[in-house]
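Multiple structures are listed underneath, in structure tokens.
Next come two complexes, and both contain chain A; in the first it sits with chain B, in the second with chain C.
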Partner chain A sequence: MKSLLATLALTTALTLPGLAMARPVTLTTTLNNYGGDGAYLALYVTDTSGAYVGSLWMAGGKSKYYEHLSDWYRATGGDTAQVNGITGASVGAGRTLEITLDLADALFDAGYTLHIDAAVEDMRDSPNEVAVPLTTDGAGTPVSGRRYIASFAYDM
Partner chain B sequence: MIRALHRWPGLLALALVTILALSGAALSVFPAAERLAAPQPETGLTVAALADRIEAVYPGVEQIRRSPSGRITAYWFDQGAPGAAVIDPATGEGVASADPNQAERWLTNLHRSLFLGDGGRIATAAGAAAMLILSLSGAALVARRAGGWRHWFARLRGPLAGRLHVEIARIAVVGFVLSSTTALWMTASTFDLLPDGGAIPAIPTEVSGATGFALDRMATLQQTPVAELRELSFPYPGDATDVFTLKTDRGTGYLDQGTGALLAWTDLTGWERVSETIYMLHTGQGAATLGLVLGLMALGVPAMGVTGVVVWLAGRRGRPRIRSNQPAGRAETILLVGSEGGSTWGFAATLHTALTQAGQKVHTAPMSAFAPERYATAQRIILLAATYGDGAAPASAKGFLDRLNASDRAPDISLAVLGFGDRSFPAYCAFARDVAAAAQAKGWPELLPLDTIDRQSPQDFARWGRALGDVLGIALELSHQPVLPKTETLTLVSRRDYGAEVQAPTAILRFALPHVSLWQRLRGDGFARFEAGDLIGVLPEGSLVPRLYSLASGRRDGFIEIVVKKLPGGLCSGQLTALEPGDTVSAFLRPNPGFRPGRSRAPLILIGAGTGIGPLAGFVRGNTRRRPIHLFFGMRHPDSDFFYGEEFPGWQDEGRVSRLVTAVSRGARPHYVQDALRSEATQVAELIRNGARVMVCGGRDMAAGVAEALAEILATSGLTPAVLKAEGRYVEDVY
Partner chain C sequence: MKKTLTLLVASTALTAAIGVPAWSAMQSPPDVLRSVAALFDDAPQAMPLVLASDDDDNDDDRWRDGSRRGHDDDDDDDDDDDDDCRGGARNPAPAGTVAPPQNGLFGNGAPPQVQVN
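What follows is the complex of A and B.
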């Protein structure tokens, strides 16, 4: 366990392409029709104690708006290095964001939680919109968010 | 240079800038509407009291925001369902939906990115940059045209499109500059090109661990008036390590939910403050009135686009191609042109063609390209120079005088200067005169003395051409047609004859109004709109050179009337005075906005002799508002050439003319119109001191005599005809 966590810490990101102890995971996030501009979404992982471990994806390219993803922002201090190379466009209302990543096996069934913070211009900030424990059993089970996310699921 | 800097960004960005301006104008309404609709808090209300009120109504409150308009919005969760509302601060209760206004959202996205994401944002920023370049170059052009920044609001003359363009610009340019610079700043901020990101204090690691401290007892919230609030975020329910986050106009801080203590605080950075001020100036959010003013100014952009294109097309139409232009080093005649709008180029092209046909090698170029060292085989230099504004060099002659003055001596090639201008301006051909004086001072040999062309007169030009031909020993017939407007066929309705007994046969000719198409009516083209004092150009049969006559009627009179004296051997006047009712002529309208009485109620002093009475009689006939008019009319003999003699008594009865003073030049005691003025000196001087406007129409000698008489009359009052001319209170239409 210790060595696996060390690996996580070393790579900072949680994706481990090409390693034997990783597997492709598809994250599917569908937004409801909230009637606003494109949503910024931050997908990140915390450990059992609730401490930030790393980011999986950032939907939204303008870092000046990241402060509205308030939990992610507090956890990282707004450090854009955390999402270098894993940043995409914001997601429009009613649209689906689908990303496939190679995630370390060690992330599953080990008390880690996947969080999504969401924010929309001129609408409420929604930190912790989704918080789901990463478990092998939970894969494929959709959950809904608090305000903007109609459904979120991870599939292995 | 400045003109090019104005023209090309303008044409290229026209559509884009128009979209930005219209969407911006529409958006400017929203902050004002929000300001009016938002319930405002009572003075002295603190964030502590407000938050307490809202929490009492919505126990699941998660965030409270205050927009710059003062609108307060609360967001909460009630049994897992998200809720939001605009809050009445007096009660803490929701009074309106907090959903974004869809129209505003659509307009905002159009305005900032044309719905095209980052590419669109860059395009709109380019539009803002074009707007800024247009504003600055345009302001420089207005200042140059008016004769300096001090004359920013000087009275304008010239065609309507150009005047409208400048009228709107000199008021709205402030808004354009403000909106475009702030837009560029905001784009830079959006793309993280400015260090204006928010500084947020690090989350405190040590908290009390307790929860439930009453909001209305938290000292920091008690000290913060609602007017300073931006955002108050509540801790997660059940998370004792979380904190309250407070954002105000001054900065951001964290509050302990168990003790209410301020755990950390960071002030706004200077950059943030600047960016926020700029955001406010651009959007009007927090400055609704300014926003509305900027929005109104933005509405001027489409109008300026249309008038700008009209001005550009008019300039382009007037500038012909110069055929078989010789290189400067091989030409015998160097033809240099100083033109502002392009019309002088037309004369240059005619001269170029005529000289070329006479076997000359001619090089035509702008005056700004003056380079005497290159004129190796030149035998003469001809300058055709218009004047810009208050005597300044026109666009294509920039730098000419500097270069001439800086040179040791003038080139040893003989020179002719021909000035182009409008006699109704005080600085008539002033630039050409300056050039001629500078050339003389440098000892430049003279080919022909300085001559001038008034209002693009083809006759003046043809006369000068003959003089030039005489000097060169060639027959030079210059028939210049300043790109003739489309002519209409006018049918004579009636004629009245005068003057045969005094050897000056003259006719008042009245023509029927021609049919005017809808398109002409829309554009005010042709005879769709005209006033007395405007000109018609008549094309006599057998000549392509039009002759100009002043109109004695306006569109409202329902006919076209001119007064024509038959000149000995005159082609056009001969044909006109021979017309019988039913006969037709080809003619076009040329507006003459410099010679109009204007809408003021100030008295008018109209002075005319001979056929010059035409437009003045037209003013009298159109004076239904009974503005005081004092008319001085010089004639040869009242029994013979008292034009409109039949109408004047009726006009006097109806109050259209207050006073008619006539001067008769034939008889025992010859009396001219300037003598009539002198005999009424006291009254004339008093009228002028009290703001009267003087309008003179007639022959050149008469106008000179009138100016002299007025100078005498006004000598004691400190006014001169020149001062009156500069104020636009003394205008002439002479021929």
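What follows is the complex of A and C.
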């Protein structure tokens, strides 16, 4: 009985921090009416030194076009394992992409930056279209992109 | 008897004439074979290098011809399964089919949810 209680206490102690260390975050990206095909978007995170940490989302399923997401491609070497399970369809002009992810709390207020690279067929590639620091204060504040993205915001 | 001997000598000579060069070629280092082969390969390869114009220089910011999707419609779906690979590169697993990567960014909670409006 005693050992059962000890086991239960241990599993609870191990599980609770895990639940508390992540939260659902919604990333909302609205594209301009740029008059082209669907845009490929790579959402990824860098640390304080600008080093690639990991990817959050890839809009566009065909890896042969990833070289046009040039900053992401340079950081990852085009490794599709980086975006396994976090890849969806490309996003049409004027559309809004809304992604809800369970993100680690440690990502916020720790010097991390979220970047978006964008590319459209027969149009200019746009690396680092958006670069926004991940802070709790910055949540809900829309930022504009350089070429294809009308606005981007994260909410939690 | 003489006839048989002649036939044997002739067949041995023929075998040696064909077999010895082939055998010695097999024993040569691969680099030698490659360099000899390169002499013959260079000529046909040289032809495509002659460019009539420098149009390609201005296309760095566009999706190259080889990268085009092959259709001109404006839909934004990528569900079709045509020409999925180039040079053996595999497409990533779509969301919902496998867990997100273990890159330290994701918790262990709900799977990603996506919506396009």
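Quick notes on this one:
The rule is short, and it goes like this: the second predicted complex is superposed on the first by the 137 of 156 C-alpha atoms of A that agree within 3 Å, B and C clash if a C-alpha of one lies under 4 Å from a C-alpha of the other, contacts with A are read in each partner's own complex, and residues count from 1 in each chain.
Operating definition for what follows: a contact is a pair of C-beta atoms (placed from the backbone, for glycine too) under 8 Å apart; a residue touches a chain by one contact, two chains touch by 3 or more.
In this text, all values refer to a predicted model and were calculated from it rather than measured experimentally.
Between chain B and chain C, the partner in contact with more residues of chain A is C. Contacts of A:G78 after superposition: both chain B and chain C are touched.
When the two complexes are overlaid on their common chain A, residue A:R147 makes contact with chain B while staying clear of chain C. By the touch criterion stated above, A:D125 is placed in contact with chain B and with chain C alike. In the superposition on chain A, A:P133 makes contact with neither chain B nor chain C.
In the superposed model, A:T96 makes contact with chain C only, not with chain B.
Residues 37, 61-64, 67, 78, 89, 122-125 of chain A are contacted both by chain B in one complex and by chain C in the other. Put simply, chain C touches chain A in their complex at residues 61-63, 67-69, 74-79, 83-86, 89-101, 103-117.
Partner chain C is touched in their complex by these residues of chain A: 18-19, 21-24, 37-38, 45, 53-58, 60-65, 67-68, 78, 80-93, 95-104, 106-107, 119, 121-125.
Considering their complex, residues 62-63, 75, 77, 80, 82, 84, 99-100, 102, 105, 109, 117-118, 189-192, 196-198, 200, 202-203, 233, 236, 245 of chain B touch chain A. Interface residues of chain A, counted against chain B in their complex, comprise 35-37, 61-64, 67, 70, 73-74, 77-78, 89, 122-126, 128, 146-147.
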